[in-house]
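Please read through the structure below; I'll follow up with questions.
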């Protein structure tokens, strides 16, 4: 997880001084000790700086055990800022978050650097299954993926949006398992790839998602329904053997559900079924008085 | 609301032929009649094309009454595609959605062209209020906005993410009122501006949100709790006097809540209170067994 | 060609008033007369507004005959701003260029809306030629294009950069023909598509370039060498029969040269020849004392 | 300088294996030895990987002495790919450049990671000078910068284009000193900041340019005029004392010229002089027959 405060100096030279100090491997241990003081699980992993004139944006990344970890990282960052004030008394802390983090906004820094968990999920789908179950062909899916998810998104000026509907699945799981649904903005960054393999007979499909922000402790994970859902998935609470294992597994579950969702929607579109399916399963044409949501 | 199918021809010349046909004002009436056939409320508003070689992406936009309108526009698009097949028999429909729409993905086309409702919300905050209630100063807020929401987001390579946390508010309202929370990806596109006015004494704050996708009929708006929330806000169901008035009002409510959220968080950051507030109100330190969410 | 001044009002309401006025089709004729006053060739084509709070960005587009036309459009915009001051006396002109134009910067608005000339150029290359001349295969080129120009650029967070090296060709022609080489930033926006046709035997290749900014009169086109180059290409000066025909032809020449360049470099990469070719033709290993460039 | 080949495996698992191998600090020395073999100056600095399903994009960065270094880095990359083939025989090299480099395309990876030299240049301009020489005020410049270079570019969906006209200066110097003018696409990435200091009396201005790609040896630097220009600037050829010092100095010269250009144009716009200046100095109204360009 990452957090990036913005600090300002009297001139760019001083901002660069701090940048060099922070990026010097010799100082990393000291900074880690300071950062890690506030939490049992938060462990500083890296520091990446961006300068804009005399303003410095410092992106701290840390491991967070099984928590999503925004508060953990914010506290660690506050520790480091307090510590730096001694050696850099002319440092003016503009804000603990300077939007270079970048939380709940579509931003290239997350797409390039990752945030939360970075997951790749893949599957091979036999040509037979594509035809009989998905009612389309390997060739059609590969072509649709190239023209919709790659080219169409390129034409639309997409940022990390090279997929059909990752956001649907991410939003649903986030609500069900007590994640922060406002984070699906970047958590649903995804590139879906479909390639013909085995001489064109079978389909290789994958989703690559660099910034899935999830936790299995803290926040909404403690609510009754949400906790039950996590339990159902076998990832409730903190992993005792390997801290972080539960939240990593949850991220893998998110990605695999997205992969299934991509296969399903892409097949429906390739088969020309999208409109018909929406009409058939549309909530508004049903009696929803008993639906739980 | 918009939907953009992808169609393909044997060559770019033919794709350009269709583009010219679709963008010719003389054909708009005919296309409207065909498009509007499927719905009482969906009314074709515009057609914008993008070519990538021999592939054409056709972004249809239509008014949708008080519904969010994705299904409505999809059906209208299907009508037009069926109609075009007569005059363009060599047109190969690759998919009813070609990602140039662009639904549930961060994409410049929504930021530039808008999608759903485009709303600007503004307020003037007296300097007194900024000091006494928000515990900060006009000058600090203006500076923080410039360095965080504008410069920080620019450094992060943001797309439509020039705000502090619009997504938090959008996600919350969308869940509460039965909207599609997966659409908060682009619905939370927002640029927050803060400028000193009246000789620096007072604060002018605004949020500009070009793609708020909401409806007050259909979908999740019919669920019991969600329906109650819409009722509470006075925007439940279809407006009988002015179709679309309820959904437009809901979009305005979203934007004004975002404005309030921006003021609040920005003030907390400017006052250096962010970490402390999160610790104080953190759900995990409370007894949440009775919380409803 | 486009130019977008930034104007500011006391509140967003007033900025919206001007937006509605400018986008009202009934006012277009009046605005055109005012705009067109300053030039024989500049003809207002459209007005597109973007609001950010109480600030309005007004993107004027106009045809410019055979000139690239930046000065022409700037003068027309100045006319309109002067004219508007009467009805909108509270309008504060912040700058004649508000970066929503957008000139010499990579910006989605040019990729989505176009600037200068928008050109698609296509070719069918026989499989035989691909093998014998380009020393590669249709399949390899299609795959390389998908993985490099589409997927690789998507991973890199590209904006309008879905090509191999359009900028090389654009820069070279711009210098040779007296264009503004600083404009190759957006003039080289390009998506290159390669698709197998005729049952996979042949290659369909295209380049789509939405914002080629060129002119055949004015600026550097009058210099001796540059003028000679334009003459050689048959597009020197203003077309007498059809104003704009020469500059449109020059844009088509740029795109077709880019297509040739894409085919050449992509083939070299597919054949694994890139490094070897650069070593062989590298200027630094040759006697360049007599080279003219 | 950076170069990023694209390689493909049979599945994502294997692509991840190579990613882990390449990012393991224990392997860096071996890889460096292999990479550095081809050149006296090229020294591997870092490796950054991006996965898209079973395809891996490997961005190698290396120092290049006083050369711009594209060929140097390409050769080093080729060495590493040949070397890896032994341990990863199932690795399929799709292309030596996979567009994740990213050369001559606007791409977030350069804006976030840098390419070539990353430079910040700053200056303090006394209020007196702003008034008397630049004919405007500190307040106007600060405001114009906020509304044009930050907000206007944000509205336009800019990527690294938060400046007024960096590209003009970069293009001019690149042509004059024998650089590759096609690289001004990313070399002109720039964020211009203007802030009032000393209680609003004076102006602090800076330009931050993360990807200036220049060299003082090789390529066009050997041509007569270009070589003379480099000599004039005192940065001709390779620095004997400190390899790379000349090219770093040239990058600093580029940035400082951009800073001067920003000050000049921004002042002209703030003073409402842009159109008038262009009319006055327009080449087309002069006798240019003797102009050298």
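Note that the chains are named A, B, C and D in the order they appear, and that numbering of residues resets to 1 at the start of each chain.
Everything that follows uses one rule, which is that a residue touches a chain if its C-beta (ideal position, glycine included) is under 8 Å from a C-beta of that chain, and two chains touch if they have at least 3 such contacts.
For clarity, every value in this text was computed on a predicted model and none was experimentally measured.
Engineer: Determine the set of chains touching subunit A that also touch subunit C.
Structural biologist: B, D
Engineer: Going by average Cα coordinates, which chain is farthest removed from subunit B?
Structural biologist: D
Engineer: For the pairs A-B and B-C, output the one whose chains share more C-beta pairs in contact.
Structural biologist: A-B
Engineer: Roughly how far is subunit B from subunit D, centre to centre by C-alpha average, rounded to an integer in Å?
Structural biologist: 35
Engineer: Take the average of all CA coordinates in subunit B, do the same for subunit C, and state the distance between these two points in whole angstrom.
Structural biologist: So the centroids are 29 Å from each other.
Engineer: Just curious, how far off is subunit B from subunit A if you go by their C-alpha centres, in Å?
Structural biologist: The separation of the two C-alpha centroids amounts to 21 Å.
Engineer: Two or more other chains in contact with one residue: find those residues in subunit A.
Structural biologist: 50, 52, 55, 108-109, 111-112, 151, 153-160, 162, 191, 193 - these are the residues of subunit A that touch more than one other chain.
Engineer: So in the complex, the part of subunit C that touches subunit B is made up of which residues?
Structural biologist: Residues of subunit C touching subunit B: 10-13, 15-16, 50-55, 108-109, 111-113, 120-122, 124, 157, 159, 191, 193, 195, 197, 204-208.
Engineer: Show which residues of subunit A lie in contact with subunit C when the two form their complex.
Structural biologist: Touch list, subunit A to subunit C: 108, 111-112, 146, 150-151, 153-160, 162, 191, 193.
Engineer: Looking at the complex, which residues from subunit B come into contact with subunit A?
Structural biologist: 4, 6, 8, 50, 52, 55, 57, 70-71, 74-75, 78, 93-112, 143-144, 147-149, 151-168, 170-172, 175, 180-185, 188-189, 217-220, 222-224, 269-270, 272, 274-275, 278-279, 282-284, 288-289, 291, 293
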